[in-house]
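Letters A, B and C name the chains as they come in the text, with residue numbers starting at 1 for each one.
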Amino acid sequence: MLKLLLSRLATAIPSIVGVVVVTFMLTRLLPGDPAAYFAGLAATPQAIAEIRTKLGLDKSLPEQFGTYIVDLLHGNLGNSLSTGQPVVAEIASRLPASAELTLVALIVAVAIAIPLGVLAAVKQGTWIDHFCRVVTTAGVSLPVFFTGLLFAYVFYYVLQFAPAPTGRLDVFLSPPADITGFYLIDSALTGNVETLWGSLRQLALPALSMAIFSLAPLARMTRGSMLAVLGSDFIRTARASGLASRTVIFTYAFRNAMLPVITTLGMVFSFLLGANVLVETVFAWPGIGLYAVNALITSDYAPVQGFVLTMAVLYVALNLLIDIAYGLVDPRVRLES
Amino acid sequence: MLPLLRHARYVLSKNPVTGLAFALFALFLVAALFGPLLAPYNPLQSNSAMALRPPSAAHWFGTDQLGRDIFSRVLVATRLDLSIAFASVVLAFLLGALSGVAAGYFGGWTDRVVGRLADTIMAFPLFVLAMGIVAALGNKVTNIVIATAIINFPLYARVARAEANVRREAGFVEAARLSGNGEARVVLGHVLPNIMPIMMVQMSLTMGYAILNAAGLSFIGLGVRPPDAEWGIMVAEGANFIQSGEWWIALFPGAALMLAVFCFNLLGDGLRDLIDPRKRT
Amino acid sequence: MTAVPTLAVDDLSVEFRTRAGTVKVLERVGFQVDKGETVALVGESGSGKSVTAFAVMGILDPAGKVTSGRAMFGGADLLALSEAELAEQRGRELSMIFQNPRTALNPIRKVGRQIADVLVRHGGATRPDAPRLAVDMLKKVRIPDPERRAEAYPFELSGGMCQRIMIAIALACRPALLIADEPTTGLDVTTQAVIMDLIGELAHESGMATIFITHDLALAAEYCDRIVVMHAGHIVESAPAGTLFTMPRHPYSAKLLAATPGETASLGQLASIPGGLPDLRRPDLPACRYSSRCERRIDDCRRPLPQREVGPRHLVACWNPL
């Protein structure tokens, strides 16, 4: 068990190394003078020279890399030009908003995709199978920012059902006590029903937009995996033993079919983390995605670098969790190590 | 020529959906090639008197905040969007297929290096990496192409590597080696052409993703700059007007995006069914 | 008056829809298995042995269709029962074990639980009792250290052990009939003998009838009371084991015997059967599907096949038997 954890951790280390190296290289690829970028558009030549020495951009590349590593280990991601604040603090304060949105979107996507995929496989050829096919093909073709806008238009403007797409909470409500940073959990914990409901309403459209986007690969994989398992030898044995249909489908087939689906989650997270940026832009959601987009527009480079690094590290951590989860669920992996 | 057409008709009759995809593709090709000639209005011409008009007989898709005809802009944008996507797919193919084939054929260090490179790229959420690359290289359209190519590289490398591995010991490769061809010649002249059909399928399938990627990047302000007509920035411009009810500014470019991606996905599926029906999902 | 046979298959025909056309996999197959009897169903690969078993059990591939026939078992026609009714019979009165025991078991479920599942479903066991009863079954199939083995997964066990687990699952509810589809293929010779002995003993203990499907005529001769020979979807001969070996009457049976390695045969002495199985997709198949390969072919062979009784319980489907 411990061996499993350690072996999986060991494979994550080269990924982290690669991520750190690439993010370092990205800053050195800036056209022109990197110091000018970090100093900002309105900087005087003197300010640029100051920044150059301050950030050690005049040193040799290996030295710069060393400084970079030391800075990272101290949690120093530089400062934002527009606010002057440390990037790491700004990212930390915005992370819960993005995390809440992404997690809720994932839960919704899984809650729809898996039953849909299972039904499509069990009732192959029926309308639900065709519906599943349409959903997966359409879901992959729809740009997530377009879906978001469409939802905002239909549900907010036309039907006046949803609140204005202006962030996590209506302006008249105040955020709940900061326990986890997740508005849903915090307002539930403090018994603040009004804020809970308000947060939920604001979450609905952005989470739904993201969910539809990530629905497609999950449903397709579930359907494919379920079909493959239903045709396998051990299901034939289960049927030949006269086991009840429900037992065959859920206890025998479904659990086996879920194994490849867990592996697919890695790819789904890659989509989700990318879609996060676009959805936050559409719905003015105050997460790290919107933070990075605003920084890009104002040519504020340090936040962008910090954002890419944070997202990448998060992604490596998520993949690690998925790997470990798979190892725990599949006894063949769990016991072999 | 005639037997080819007859075969094409047979294939299309069995797969009407693929036929639809081909028809759509032809439509987009026409729009891309002849868009500027076919556009009823000058896509860059503003006319403040006619700003924010809903779709009508004169302006099929309505006008935007500067009075420009949206139909003309959507039509003309086809060329830009498709060429960005096509260029990045071709670049990704060149980089990925060559290194993948080398990795699969030669193994050893080549395999390890290419593998490590692909793994490092895949360690990032792909869209985020694209953002970082464009931010680093500069806000230009060429860099959108490069960034999209880089994030698609691992997929091509992996497929090419797997195919080259399989073919390494194949008869025709042995024959090529034995007739005195150098290794490079064998790889470029024999292995690479042999995997082209599968690579074509990959290219078609990733065209859709490349279009989405480029549009996403321009939606957040990277790459294409106003007043150029491109579907992504048109949706971004239209987003500002959704809350006030002017839906047509964002809808038509968004629908064009969706249709294009849909078309290429179907095309890729159809090609894959034609070439290797076993891989059907 | 003879007792009612445990299983009586009559006039069974099965078709498969494929991309290349309709394949008449089985044509008018009929045979009987009496209580306590062990019958072997032998033939080349592709002769339709497994399809016969799948059709009787009702687990044919969706592309397959039973176009005629009856399979009388326990007073009812299995082929006419609904899926729900069949599921009641399967595992309780009528069981099957398969080749490749490792892949035939659920790879991520402990073997003890797989046995318990059947006991709970059909055997009237309660959930708390089932694990103990599963261990009892493991003891019955002679698995050493049964308490620990019940907690194992199939990949942790050898092929022979997995086959015993399958036997345990199949026999847990004491069925009246067991169908064993090539249960020893892929196992080494010693394990083969052990498994066959085990099945034989358990069958004898409970008076269970057994159908052995195999391509190995020697194995069939050693363990079975009666042998039914199949060729290209037809039953060509059925006889008591000893009789078939000493007096085969169908040309195909004789060729099969000649191709079977005995104790003294060397590789050079083995005869091969000329030709191959006919293409079953053709609509113009002759009445006797062996006739194209047969040296004893006569004009009569174009007529629909008879089922001639040439001895006690010895039937041959041939116009020109040996």
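Methods note: a contact is a pair of C-beta atoms (placed from the backbone, for glycine too) under 8 Å apart; a residue touches a chain by one contact, two chains touch by 3 or more.
Everything numeric here is computed off the predicted structure, so don't read it as measured data.
Here the chain-to-chain distance from chain A to chain C, counted in touching steps, is 1.
Just count the C-beta contacts per chain pair and the biggest one is A-B.
If each chain is reduced to the centroid of its CA atoms, chain A and chain C end up 54 Å from each other. Remark: chain A and chain B have CA centroids separated by 24 Å (rounded to whole angstrom). Averaged C-alpha coordinates give centres for chain B and chain C that are 55 Å from one another.
Multi-chain contact residues of chain A, defined as those touching 2 or more other chains: none present. Chain A contributes residues 232-234, 236-245, 247, 251-252, 255-256, 259, 329-332, 335 to its touches with chain C in the complex. In the complex of the two chains, the chain B residues touching chain A come out as 116, 119-120, 123-129, 131-133, 135-138, 208, 212, 215-216, 219-222, 235-236, 238-239, 242-243, 245, 247, 250-251, 254, 257-258, 261-262, 265-266, 281. Across the interface of their complex, chain B is touched by residues 14-16, 18-19, 21-23, 26-27, 29-31, 137-138, 140-146, 149-150, 152-153, 156-157, 164-165, 220, 223-224, 269-275, 277-278, 281-282, 292-293, 296-297, 301, 304-305, 307-308, 311-312, 315-316, 319 of chain A. For chain C in complex with chain A, the residues that touch the partner chain are 57, 59, 86-92, 95-96, 98, 100, 103-109, 117-118, 121-122, 153, 155-156, 166, 169-170.
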